[in-house]
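Structure, as structure tokens:
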Amino acid sequence: MKDDAHIRLTLSRGEKITSGMDPRLNQKGCTLIVLAEWKPPVYDNSKGIELVTSSQRRNNPVFLDSHIHHNNLLNNILAKIEANIAGVDDAVMLDKDGFVAETNATNLFMTKNGVLYTPFAKACLNGITRSLVMEIAKSMGIPCKERDLTITEFYGADSVFTTGTMGELTPVNFIDKRAIENLSNCSILNRIQIQYTKKTQSLGEPLPF
Amino acid sequence: MKDDAHIRLTLSRGEKITSGMDPRLNQKGCTLIVLAEWKPPVYDNSKGIELVTSSQRRNNPVFLDSHIHHNNLLNNILAKIEANIAGVDDAVMLDKDGFVAETNATNLFMTKNGVLYTPFAKACLNGITRSLVMEIAKSMGIPCKERDLTITEFYGADSVFTTGTMGELTPVNFIDKRAIENLSNCSILNRIQIQYTKKTQSLGEPLPF
Amino acid sequence: MKDDAHIRLTLSRGEKITSGMDPRLNQKGCTLIVLAEWKPPVYDNSKGIELVTSSQRRNNPVFLDSHIHHNNLLNNILAKIEANIAGVDDAVMLDKDGFVAETNATNLFMTKNGVLYTPFAKACLNGITRSLVMEIAKSMGIPCKERDLTITEFYGADSVFTTGTMGELTPVNFIDKRAIENLSNCSILNRIQIQYTKKTQSLGEPLPF
Amino acid sequence: MKDDAHIRLTLSRGEKITSGMDPRLNQKGCTLIVLAEWKPPVYDNSKGIELVTSSQRRNNPVFLDSHIHHNNLLNNILAKIEANIAGVDDAVMLDKDGFVAETNATNLFMTKNGVLYTPFAKACLNGITRSLVMEIAKSMGIPCKERDLTITEFYGADSVFTTGTMGELTPVNFIDKRAIENLSNCSILNRIQIQYTKKTQSLGEPLPF
Amino acid sequence: MKDDAHIRLTLSRGEKITSGMDPRLNQKGCTLIVLAEWKPPVYDNSKGIELVTSSQRRNNPVFLDSHIHHNNLLNNILAKIEANIAGVDDAVMLDKDGFVAETNATNLFMTKNGVLYTPFAKACLNGITRSLVMEIAKSMGIPCKERDLTITEFYGADSVFTTGTMGELTPVNFIDKRAIENLSNCSILNRIQIQYTKKTQSLGEPLPF
Amino acid sequence: MKDDAHIRLTLSRGEKITSGMDPRLNQKGCTLIVLAEWKPPVYDNSKGIELVTSSQRRNNPVFLDSHIHHNNLLNNILAKIEANIAGVDDAVMLDKDGFVAETNATNLFMTKNGVLYTPFAKACLNGITRSLVMEIAKSMGIPCKERDLTITEFYGADSVFTTGTMGELTPVNFIDKRAIENLSNCSILNRIQIQYTKKTQSLGEPLPF
């Protein structure tokens, strides 16, 4: 019964002596919350998911730096609610300039004519799975470019997929009810997925018990 | 022992069945957290406070609507840390266009030549005390204008004060080490403070025990 | 058979001598296109409509001035497609700063505690019906304010309605699946609608045949 | 009489059953408009052209994605009118951040110290001739960089040229009345032009009659 | 020989002990530069002037607060150069959102249907003549509104004029080669000019010699 | 007595015939100001400096192109005043999007895991020392990337340093009171400094007397 165990680590600034924003009110040190549960990957990666574009923009360093991994995710939650209303899995969030940032929960990749593209980590989390996918692509000789990408480019991609710790690599079948159709004969996603599975199996730390 | 009691109400979306952003994971209804404590006003309003301008901008509806009263205040906390580093009480936060929004914890007002000014409630909370102050000013015949205001205009104001539930009306003596000096012979702040004290005493709900 | 006749006037810059953007290629004067058809109002105003918020922002004078009444409405059409996908009537378009601009086809109004609000005509067309509604409100002593308004404020409005030449005054029942519920006992919309009907009947030019 | 024939293809969404923005009003399928005419290249490429910088910004994906090749070119037309008023050939359009986007009708390139530069395809059309020029440069070992470029950098370039289907490669002699003077001994433009002519002659599809 | 004398006052932070930006390098106090010359008003107000819209945006408080009256006017000078190139008197500068700010040298007003309009003092200097004109309008019962105004609205105005210390009230006849034509029968500008002349004559301090 | 001599060259547009912004008022040609003084480097590079982040944003090409090397540095001076108030050496200025631009006086570099990073020259001067450092890094096989970088990334860098003509390469020990700690065993800064000293000694023009 060791499979599908999931541990969520949250570091709080700790107990406060009174309500207030000042970090000096937290005088007993930080609190590490370890939330463990049995939890399989959140998406069915053999089947894929469907997305809509949210009206809610992903915040940027003017307001909150996406290089800080935090819990202030209310605007992502508002985007997720739009996905729920639309009856789809998740929502694409654009950045302030109208370029694709990520979904409310994962990073986004697209492939076109044999090249792998992903948005700059300006208005999205520089995720661990995202980095690993870029590293795998490089090691396999697949060109991988960070770029400003529009939702129109995603509509016309050969394939689109999301990456995240809990979802791993998940194909996207529809964005805004437009089918993502592979008109090339490249299968970058499949090739990376195979390497990804190998990597996570070999890189994983074996349980000592 | 009934004085200086303070109740902080927080409405959480409630218990989740697993970690995740989706509100549908909260299936048992909301949780109302009632945090009560003895707590006097946070500022010494007879003495006043000192501010610096933060490098951290206050978020706006592109990212998170300030008309939602929420707990996602990490960028305000980052501004408060700048105030701590500078050895002053709180930090002025500008909006994305460089106009004054509010402090990390309170709304801001300034007076100049007999007129009361406060920023539009675009990138700041439309606070209860803020509304009450505007209402009092109106009832006293003091012109009160919502406007885009720059930090330079605050430097040159006759008086500056903050408003908030916990701090009430608090004079600001220095912003960025520049003294706020009353070169006019208007004393709008004092006159409003007297009315405010009257109002809160008469509007308050008497304890039934 | 004179009822519900609708005439759409389009002024083109006229015939070109060759393809190209230069207005000097149009050398024969302008062409006025008069498109007449029997067409009833596009919405059922006794029943009302439903909206979703689009991911597509309404353009502003940086790119194209909304004071020019033109046919370059591709981004409105993209918003309308989002409404179609969501199975609702029309889409709310926000402006570049995240404030409500208008729907893809009409202006927007909301009422709250006896006051009528509508966005500034910065990123929306300064429509004829919009102006007439503001004029009627003024004449009836209903306070009417142009302001930066967020979608959250529309969710919490007492009533929301759209205005347009073809739709006249149309109640909005749902935005993003949130019901617009009148918690006050004001019925500004009904009172204005009655005056609007009177006005359009008296202001209309009688047919000479 | 087969030279200088030009065919302009326009894909319309087709006949509507009534006026309106909803694509569902187009029920008979799309209409392909084939506009053919004898038309030589629009610029005299042996002589070059003159530009001014327009006050009109090129739209970006916040409002309309430049990856969509459409006819909503009113803001380009407004820029062209500025060029007409100034008595020059075309106008440089900047993007929302003040960087050079393109002219109202073509893409823009500049050379400096042996390097070829062109703006990112963020606020300009990713034109076919633009792509071909970049491909040619690469094949000739000329470094070619997409970058945010300012109008000041164009003033000081060794050479500036535009690219487009109808104009091909056109030297720019003046921008805002400042002469573009080649102070280096590089002649990137000439070298690319020779290859371009070869390419278009060999890549062209011979007429079957 | 006392007419048309002009005094320009410039307050420098004073002599520096070495080159550098730090104000602490200025240790001898400020220097007041008094530049006096015989200089008539810079425009022929009986005839009026001509403007073009500059590609150069007027800075705003994100970068430099227009409430600071300073000499860092390089972007205004760049706008003036565009006016020179176009062979007209001055250039209209837009703000970052595409609304009219002012000219490179003066504030701007327009009249339409009996109402006087001028941009908010957000991206323009809150000029002394501007304030006086607004005050005069108020005293004469002419409605005067600060508003976000587009260049299109100026094209269609009944009249446009500039205000400044050196130019006083100057009619604008053309903007971007479009004639400003008074289609109403209001003559707000003339009426204000008469009052302005009276005011400056009576408010002026008589020379003591 | 030839060491530490410093020459500051300033090119003015020259003498004006009257006050005014128009360059045509400068009719006698430009004036070159040569300011020579004995002046050692402004920072103690063996010890390093301390920075705070300014609330003042660095201007960008919307308002003033950073590729123009000019004296309109009032917003840098305002940032420097913030550094003075905070009791530190200089201030980090962010660009309009919240990314790091430069300090009020120098360019900024950071190193992380063996890679050298510096902001794009979009909102900072493309300084000579900056270019030389990038060139040296390249020649030594140290990867050097221009990128959008946040202040959070600088907090977590292995090392941070500034570059400028007067300061050369200066280590930064603290930003916003957070110590910059080298957790890797890379010493990119030292290695570049050695090469920089060699370069400036060999590239310098020997005095002819």
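Labels A, B, C, D, E and F are assigned to the chains in the order they are written; within every chain, residues are numbered from 1.
Everything below uses one rule, namely that a residue touches a chain if its C-beta (ideal position, glycine included) is under 8 Å from a C-beta of that chain, and two chains touch if they have at least 3 such contacts.
Owing to the predicted nature of the structure, the values given are computational and were not obtained by experimental measurement.
Note on connectivity: the fewest chain-to-chain touch steps from chain A to chain F number 1.
Farthest chain from chain F, judged by C-alpha centroids: C. Comparing the residue numbers each copy contributes, chain B and chain C share less than half of them at their mutual interface. Here the spacing of chain B and chain D, counted between their Cα centres, is 52 Å. Centre-to-centre spacing of chain E and chain F amounts to 35 Å, using the average Cα coordinate of each chain. Multi-chain contact residues of chain C (touching two or more other chains): 57, 60, 62-63, 68, 81, 94, 96, 98, 151. If you sketch which chains touch which, the pattern fits none of the simple shapes: not an open path, not a single ring, not a star, and not all-to-all. A list of each chain pair in contact follows: A-B, A-C, A-D, A-F, B-C, B-E, B-F, C-D, C-E, D-E, D-F, E-F.
Only residues 60-63, 65, 67-68, 96, 120, 122 of chain F touch chain D when the two sit together in their complex. Listed in rising order, the residues of chain F touching chain B in the complex are 52-55, 57, 81-82, 85-86, 92, 94, 98, 151, 176-177.
Interface residues of chain C, counted against chain B in their complex, comprise 94, 96-99, 148, 150-153.
Interface of chain F with chain E (complex): residues 8, 18-24, 35, 37, 39, 42, 57-60, 62-64, 68, 70, 72-77, 80-81, 84, 96, 104-105.
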